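Here's the structure we're looking at; comments come further down.
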Amino acid sequence: YSPLVDLTLRLGDDALVLSQRLMEWVASAPVLEEDVAIANIALDLLGQGRMLISYAGSIMSPPKSEDELAYLRQAREFRSSHLVEIPRGDFAQTMARQLVFSTYQSLLYAELTHSTDATIAAIAAKASKEVRYHLDHATQWVLRLGDGTDESHERMQAGLDVVWPYVDELFDADSGVEVYDGPQTDEKLRPLIDAGVCPDFGALREPCIDQLTAVIETATLTVPQTKWHARGGRRGVHTSDLDFLLAEMQSVHRAYPGATW
Amino acid sequence: YSPLVDLTLRLGDDALVLSQRLMEWVASAPVLEEDVAIANIALDLLGQGRMLISYAGSIMSPPKSEDELAYLRQAREFRSSHLVEIPRGDFAQTMARQLVFSTYQSLLYAELTHSTDATIAAIAAKASKEVRYHLDHATQWVLRLGDGTDESHERMQAGLDVVWPYVDELFDADSGVEVYDGPQTDEKLRPLIDAGVCPDFGALREPCIDQLTAVIETATLTVPQTKWHARGGRRGVHTSDLDFLLAEMQSVHRAYPGATW
Amino acid sequence: MTVTSHRPTAGDQQSDFDATIAADGRIEPRDWMPDRYRATLIRQIAQHAHSEIIGMQPEGNWLTRAPSLERKSILLAKVQDEAGHGLYLYAAAETLGMSRDEMLDLLHSGGQKYSSIFNYPTLTWADNGAIGWLVDGAAIVNQVPLCRASYGPYARAMIRICKEESFHQRQGFSILLALARGTDEQKAMAQDAVNRWWWPSLMMFGPPDGESPNSADSMAWGIKRFSNDELRQRFVDMTVPQAEILGITLPDPELRWDEESGHYAFGALDWSEFKRVLRGDGPNNAERVRRRKAAHDDGAWVREAATAYAAKQAARMEQSA
Amino acid sequence: MTVTSHRPTAGDQQSDFDATIAADGRIEPRDWMPDRYRATLIRQIAQHAHSEIIGMQPEGNWLTRAPSLERKSILLAKVQDEAGHGLYLYAAAETLGMSRDEMLDLLHSGGQKYSSIFNYPTLTWADNGAIGWLVDGAAIVNQVPLCRASYGPYARAMIRICKEESFHQRQGFSILLALARGTDEQKAMAQDAVNRWWWPSLMMFGPPDGESPNSADSMAWGIKRFSNDELRQRFVDMTVPQAEILGITLPDPELRWDEESGHYAFGALDWSEFKRVLRGDGPNNAERVRRRKAAHDDGAWVREAATAYAAKQAARMEQSA
């Protein structure tokens, strides 16, 4: 992929894959209001994913449609982060992931609103409003669960503990890893950073961790310690969860080659 | 499907689908000996499934390979029973299903050994020996769990309760159902029964229930009561579980159309 | 504002109620109403609410597998609407004095019902088309008259719901249209789905008029406006021309235009299967309720946490005030 | 039968042991052995057993998705063998006085290790080929000399295991051969898998001889027969010609035949990544142990039931006796 395609696929695949994970909650949420809210967030992310993936397809040569990219790529060709791929877990784990992802997205899209790439800037402007609601929703739940009952406190902490090793990948994808098949993935975006298309992702890490820490501590929870962190998603080295997710997502489309829907 | 193809697919799809469900236990069994035992049963069933499905393919026109039938049929074209499709549940539920299925298979294959169709008779003769081991294994576990601890007793009973509504379908597939798209599925095999190719499945019900009752009662458990029973698998009306199982099973094969492996 | 000069007696209340009904007026939550009117409404609105939330399952099951991103997006919006409809309807039923929790408990225990149509499985992607086109189509025919139901909160909820249902029906038709114009396999998939959903859809209107004992009361109370058979006929008349546009055959050899009556004539319904499914011996009854109850039970700790947190926050407010 | 005429002293025992080792004889469970010999063997055999059962996961993950029924059947047989190998090896380690339960607890707590190679993910179907060909290939080179290890139960277990491993290696080669002869996409998949597994396979032989502190003892005790670097070279020499048959490029630009030494020369290994993965910061370390522990914990009630049932049966036997 060219750097610009790579960037838009990273953003778009994150949104698409997380939307898919959130859909798994529909008709299974703890209260009906959450069926509505989670479906709503999933719809927003699916919309963002479609815009970004369509844009990526439009600048590929030959151009590809959103459905070609969503349904006919193999897992190795996806550019999602491990954070969005792992299973949904219980409601606390889902909210822990959502808090991390929405905080990351809110900081990122605020920067991308000023992108020198007009399409990306426009998508980011639209998405920023949606993300504000997602972040608020997740924050409220982390507070309620963290400072609710003993059981919810324990589950909320466990949820944070599960997702925490996946945070760093969002910011310095492959730092410290020898990559045999090309440059490190954080290097790949260098020309785009220089051209003002996207920010340096690494620079978003500190404000993100600060914001997360504030919420976590208000919720009477502890910021987890972790001795490993995920890496590889941005160069197509994924969790095995992604392959199962795609097997399901692509199953009908692939079973009828060449059909339109 | 012709009646003979339909019959062999019923037998073969049951074996293939259950084998697939059992594989989900590999590396997750409660003791290492069970990793070996369950893999072994899954291997036997996969072998039976392959022989039966290959035979079905050989008498279709045009003929089809086992892989075409396993990987390129839609769920509606499968002829498996709901019993083998439902998720594995816990170890007790898996053993409850295995007890039912192996009892059914042992009675059925004993009859099929005398089939006037030489291929079916030969497959049944080979499979009978394997099924004897499967049945013994499941029986031992139902006894251990039923007459073990309070928790295992409760789980074993719960497992039986889950699988029991799926028993009747094995013997009188659609009795009592108006079928809009053809004859009732138990009628479809009539010519084969008359020709001595297969037994009347309905006649196997009583001995099967008797055998199951004996094991269940020895295990200090209760034969469940049920107010509904599954139907439809033999005419392609399946649980939604089957479609997910096939999405996973067929995913790699379908992702590379035309490839050989 | 009317100030009544004397304490109303039961007789006065009944005659006020009767007069409102006779004048096609609206009964509101604080108005007096006969116990049986209240009980009938609770049963009907709760059943309708339950149907919306159980109805999320058969289509929700296909969200992760929708074959294009656009279809996925539309189906997700639809399923989200169903959850929203459930919310409106539970709120309407709560104005009659039964809480949502009580209704959910009755749903889980089998004490209240949901539409039997959702006990059929969704076997292929085309089933999402057939559900939208036929099941939502039948629902609209049933529901449009309910926008004039005599109980205010119910009528107002139905007005909001009906607006969205017509989008649901169109999206179902659109799924089938794409399949009907597609490959041979897609056409067969669409036809198969319609074959399976047609008769159950007709049964959604309930038993024939002669065998519908509660209908008379509901008619007299202005809850129901048309008989089961009238609505069923209206649905058939509306649907047959649409099937022709799709090029899909409805699975009824007796279906034909009857010049004399100005309606389509259709074959007899097989109520024995309907009753079997209604009795609980349907392909998905056990699974639908099991899944609903599992969601509720698994979510208990979340609801408890929300309550505990709200109490803590209230206490903090009070302390700092 | 030799009858010893006096009670053996510690010095006698040590010299008997030394003599057995020197004569390339076998130490058996009831023989005296030095504590460090015992501890080294327990650590090594347990690690080997753990590697077999953790090693079921990366390939077990593909059982349900194998792209042909024949491949599915072969892979299932292979994974079953791994469970069987685990059984042999735990039994061998138990003869040294540590129970399987103790070893599993140590595995779950991180007190005992398993081969770091299984912390890499299996990203595509081709990875099953690369694992069979390279990882099992490397395992065979490591294990064949162990068939002559000085501890009898270990040597005998290894003889059974080595017989089956060569089938495992062949099935891996066969998976890759089918891909290498397949479509362009299949070829790319095979090359990609080999690119990812080549270097980690070379690291399976352990650190370079200069940095392998425990090796000297193991050599002296007849547990280890060749140095890490010797075995690594043997593996490279065996594998390069096979890669040529496959038409797959090994991802090392420095790889070349060295006429002078009569061996293939290869590039330097990047031990920093190996050490990072070994330290626990690998892509799958946490997941592998989590899954193993979950299987063990979820199965606790089953093992308890089996024990309770056995006790009841024994009591019944006694009563009726």
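Each chain carries a letter (A, B, C and D) given by its place in the written order, and its residues are counted from 1.
The rule is simple: a residue touches a chain if its C-beta (ideal position, glycine included) is under 8 Å from a C-beta of that chain, and two chains touch if they have at least 3 such contacts.
Not measured: the values here are computed from a predicted model.
Chains that touch both subunit B and subunit C are the following: A. Interface comparison, A-D versus B-D: the pair with the greater number of contacting C-beta pairs is B-D.
With each centre defined as the average position of its C-alpha atoms, the distance from subunit A to subunit C rounds to 36 Å. Per-chain Cα centroids separate subunit A from subunit B by 41 Å.
Residue numbers of subunit B whose C-beta contacts span two or more other chains: 74, 243, 247-248, 251. Annotation for subunit C: residues 65 touch two or more other chains. Taken pairwise by the contact criterion, the protein chains fit none of the simple patterns, being neither a path, a ring, a star nor fully connected.
Which chains touch which is summed up as A-B, A-C, A-D, B-C, B-D. Subunit A meets subunit C in the complex at residues 16, 20, 23-24, 26-36, 39-40, 42-43, 46-47, 49-50, 53, 66-67, 70-71, 90-91, 143-145, 147-149, 151-152, 155, 248-249, 251-253, 256, 258-261. Put simply, subunit A touches subunit D in their complex at residues 74-76, 165, 176-178, 180-181, 227-232, 236-240, 243, 247. Residues 61, 65, 121-124, 192, 195-196, 199, 251, 270, 272-273, 276, 279-283, 285-286 of subunit C touch subunit B in their complex.
By the touch criterion given at the top, residues 74, 243-244, 246-248, 250-251, 254-255, 257 of subunit B touch subunit A in their complex.
The part of subunit C that touches subunit A in the complex is made up of residues 53, 56-57, 60, 63-73, 76-77, 79-80, 83-84, 86-87, 90, 100, 125, 175, 178-179, 182-183, 185-186, 291-292, 294-296, 298-306, 308-309, 312.
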